[in-house]
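You will see subunit A twice below: alongside subunit B first, and alongside subunit C after that.
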Partner chain A sequence: MQGRGLNIALTLYVGLVFVFIFSPIVFSLIFSFNSQRFPTIPLGGFSTEWYVKILNDPDVWQAVRNSVIVSSSTAAIATVLGFCTAYSDFRYNFRFKGPYLALILLPPTIPLIIMALAMLAWLSRLGLSGQLWSIILAHSVLTAPFAMAIIRLRLHQMDPDLEAAAWNLGGSEWQAMRHVIVPFCAPAIVSSLCLTAAVSFDEFAVAWFVSGLNKTVPIVILEIVQGNIDPQVNAIGTFVFLTSMTLVILAQLIFISRQIKSHS
Partner chain B sequence: MTEPLVTFRNVEKRFDDFVAVRDMTLDIHEGEFLAIMGSSGCGKTTTLRMLAGLETPTGGEIHIAGRLMNDVKPHERDTPLVWQSLALFPFLTARENVEFGLKMRGVGKDERKRRALDWLERMQISEFAERNVATLSGGQKQRVALARSLVMEPRMLLLDEPLSALDANLVIRMQGVLTRLQKELGITFVYVTHSQSEAFAMADRVVIMSQGDIAQIGAPKDIYRAPANRFVAEFVGRNNILSGKVQAVDGDGTHILTPQGAFTAQTPQTALSTGQSVSFTVSADLVSLSTTEPDAVNKAQATLISEEFIGSVVTLFCEGVDDLEFKVQMQERALMALDLEPGAPLWLSWETQNANILGER
Partner chain C sequence: MSARRKIDFYALTWRLPIIVWQLVFFVGPVLFMVALSFFLVKNYRMTEAFEFVNWQRMLTRGFFWDSYWYTLFIASLSGTIAMSVAFPAAWALAFRASDTLRRWAVFLLIIPFFTSYLVRTFSWYVILAESGVLNAMLGYIGLGPFRMLNSHFGTVVGYLTLTLPLAVILQTVTMANIDKTLIEAARNLGCKPLATIWRVVLPLSKTGFIVAALFCFILAFGDFVAPFYLGGSQEPTLPILILDTTKSGQQWPRAAVVAIMMMLTLFTVAFTAIALAYRKPKGVR
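Then we have the complex of A and B:
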């Protein structure tokens, strides 16, 4: 009886946490279809006016194009970097391996604004700021640790004999990499691509500092908000939210389903 | 005698301060079933990994088919290994696993499929060819692992405790499969195990290793009947070990005085001097037991402590003078006839030819 009461309480608690986290997003979604200009209750009629508006805004389209380029390039670069680091950790033992790993995992712990300022200072000194690929570079640094963490987790589940078995059967080191290590890590690699793309797609601070005139979606959103109260923000916010969530959920599904499969 | 397939010449393998294999000299002949046996950490797996090129010797030379192999990379060798963990590729089907080595060697798609299916058929698991290996049972995985190595048609197959994960009755079955395969193919098997029963049941020759050294090499029967030293005598088990001093050496054998009495043992090839401390062994199954004093050269008194019953064979544990433990192995129905109680006084006796003096080690 007591156990059941506790169960209900815990379920309720989890429910409340979810309500707290998701209600702003849900409200943004609701107001994005609201015909009234101001987000107040009672709601006006159902309207897709704001969606039509952003779809006809060339600035928004340019930003989406930029964001897609940045996030997909970032995902590719960060995942390759993450894979290489994770593999070096899996395969080799060397001095200062602890500090090496700590250093790699450091970027996400640095406050974004400081990271952004530092990136701007450094890239402009090198004459690399204000370009689309300045954002790509900065985002790769920022997201590579996530890629490495995901792929490292997968490599740790691998029987170390597998790679040696490939050599033993006549595979060179490259063949073993291509036919054993990469296929084994495939679910983690896909998850990493999705997750790093999602992080890059949402990232504002660093992008805003180093982008110059190349705006990504979060920057355009800020500009709309700065100008006036405009329900376009709700529409575009819903779009960004759905994109990121799709990527993250995809990453989770792929990684978890493979884990269950390899444990059964 | 033809040139051996593999020769180890004074091979040594160190890991920092730890010597895994010390000054190993060993020939492995074409077509023989060689078992390397020892407890964990004795260097047996390191020896096997050196053969596969997964470890590089830190001293000495390893030749395979006349070629110096010390620095030859694993993938440039023809030494497929059946792993203790099996190391099947979990993301491939049984057939794709078997095809793997052929694919690495650049064999065409149709050819390698045909050869893989041939081997799966031969291992009697062709119905699982397209199944993911994760869904197979232990015995089926074992057969896939064997097929994956044998499809390469090697001159020598390396096996690292391949049966250690199987249940007892499956082990016996797989032993049969392995010995039959080895006979049919006529290739060399090098089989690493900690299990005496596996090694003795299958191998033509057994190498017993201890702390990086070879303790004895020989046919299973020779090792069983005449262990070369105390380590082997204790490792092989069911041996009675008695220690004493040499009294005299004559035509009857070597006379040894021990706290348990005066005994005669076979005179070994190495010379012994009077007064020297020696130990000798008598296999538990070669000791006779009686309730009255027997008419024998070698006899000792003991009391029955306990018995251990394994099927039709019983091992009796007895205590002699100075708390020395004697083990006697006999048929269960022979024991029934004697009708013994624990604590019963007994006489143990054995033939001189069954008492072997142990070498130094």
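Then we have the complex of A and C:
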């Protein structure tokens, strides 16, 4: 192909695609420090007004507390469920294994709005809706597949003979689990905790339906957006972005650094 | 096999939790939603029943079908756009970029998935508004202002925010995994560049591409945020219909009808797509 010209055109094109994907994130960051009530260009002056406003809003603080409770509990439950399933899949072959795996892997393929309605109807039938832990129950179903995937990937790198060796050395199955499998999976378990927490922290559709009056951070955003143009959203958004990114990067660092170590 | 098998408690400890949990909190809700679609609402109270009233009400109304076809249309359109826009970029990343650059690109493209979709939508709202960023920029070169919000354009931009990163990632990974020698062979045998894409690259990445397109469709089909905030919801999509019926009307059974229709549609589309993805091309043994 006509090398130079095509390469320049392609580079520009890839650049444009990235601009499209990242402009909402970048503009939200910029506008969170912008003094205008209706942000546009040319930019107004630099201002931390919106940050001061959300820091002084007790509703926002309550939402942050709720979000922390929900995402950390969700992460714990989803990771335990994911670990059990990943280990079962790794160690055993059994009848109905296909449906068994489908059971955990299916939820993310169903649109959230449908899960939201189904969860709301079911949980209120059981008298479990409108609570903070209603969100936790629902989110654990949605995030368990991610936990399972990460831990299964790690188990895939393990030599199955390692467990058998522990038994031969006189360890029981439980001891082998405690001293061989769990330590081997530790980095994946931490990554899974971070990633499931990040997913739960951002989810709003299901949370909004089942939470009743208990607002998490995304629900507060949703309610502000429904009202008017309010640059507070950008300030909250920046905070949410930093939280999620910290979790994701932490997960990556822990998982990848261990993978490199285990290969060398 | 012996008739009396010892129960393996160790195995069950790991196998059972997810079965119990998903039966109660996943299969339960979905099945209950199906049952719900046959319940009755009398005096704002739901009563358990087995009547086809809700199905009849929804499926004989014009507004439901208008919404149904519109959702199907706009989700397919945005899926097609996402796949087409992503292709040149993914092709460049797969065949022209170094391994390091490609890995960085994919890592960067994962970031949006962990960024609040609501905040990004709000950001688009500000960018696309009548006196927003884009119109201000266009104003400098003497164009516009254009009306971009409350239109199909707004809805599609919102959907693309959700699906474009995924389309680029999946296409890039798919094409990067193609055996490069096959492409060289085609070139050596005199195949022109565009023909190489059409006759070698695309057939080899068919499965990956169909899966990518399917995901784009599913995401757009089930999203209520983009059509609501950027599209102005004058033409409500099915998710908006569910939202309105559930949140304002207490008409959960009717919302369940809409939700089940959506799931049936998704199943049909998914099965067709997967069948296509794994079908052997004609003439290949």
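What we mean here is this: the second predicted complex is superposed on the first by the 246 of 264 C-alpha atoms of A that agree within 3 Å, B and C clash if a C-alpha of one lies under 4 Å from a C-alpha of the other, contacts with A are read in each partner's own complex, and residues count from 1 in each chain.
Here is the rule we go by: a residue touches a chain if its C-beta (ideal position, glycine included) is under 8 Å from a C-beta of that chain, and two chains touch if they have at least 3 such contacts.
For clarity, every value in this text was computed on a predicted model and none was experimentally measured.
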Subunit A as common anchor, with subunit B and subunit C clashing or fitting: fit
Contacts of A:S35 with subunit B and subunit C, given as first, second, both or neither: neither
Subunit B versus subunit C as contact partner of A:Y92, first or second or both or neither: second
Partner chain(s) touched by A:D161 [first = subunit B, second = subunit C, both, neither]: first
Touched partner set for A:V17, first subunit B, second subunit C, both or neither: second
Partner chain in contact with A:P183 - subunit B first, subunit C second, else both or neither: first
More subunit A residues in contact [subunit B versus subunit C]: C
Included angle at subunit A between vectors to subunit C and subunit B, based on C-alpha centres and rounded to the nearest 10 degrees: 100
Which of subunit B and subunit C A:G170 touches, first, second, both or neither: first
Overlay on shared chain A, then closest C-alpha pair between subunit B and subunit C (Å): 9
Intersection of the subunit A residues that touch subunit B with those that touch subunit C: 173
Subunit C to subunit A touching residues, read off their complex: 10-11, 13-15, 17-19, 21-23, 25-30, 32-33, 36, 85-86, 88-89, 91-93, 96, 105, 108-112, 114-127, 129, 131-133, 136-137, 160-161, 164-165, 168, 193, 218, 221-224, 229, 239, 242-243, 246, 252, 255-256, 259, 262-263, 266, 270
Residues of subunit A defined as touching subunit B within the complex: 159, 161-162, 164-173, 175, 179-180, 183-184, 186, 261-262, 264
Parts of subunit B lying in touch with subunit A, wherever the complex brings them together: 52-54, 73-75, 79-81, 83, 85, 87, 89-91, 100-101, 103-105, 134, 148-149, 152
Residues of subunit A touching subunit C in the complex: 1, 7, 10-11, 13-14, 17-18, 20-25, 27-28, 31, 38-42, 80-81, 84-85, 87-88, 91-92, 94, 100, 103-104, 106-107, 109-115, 117-123, 125, 137-138, 140-141, 144, 173-174, 198-199, 202, 204-205, 209, 218, 221-222, 225, 229, 233-234, 236-237, 240-241, 244-245, 247-248
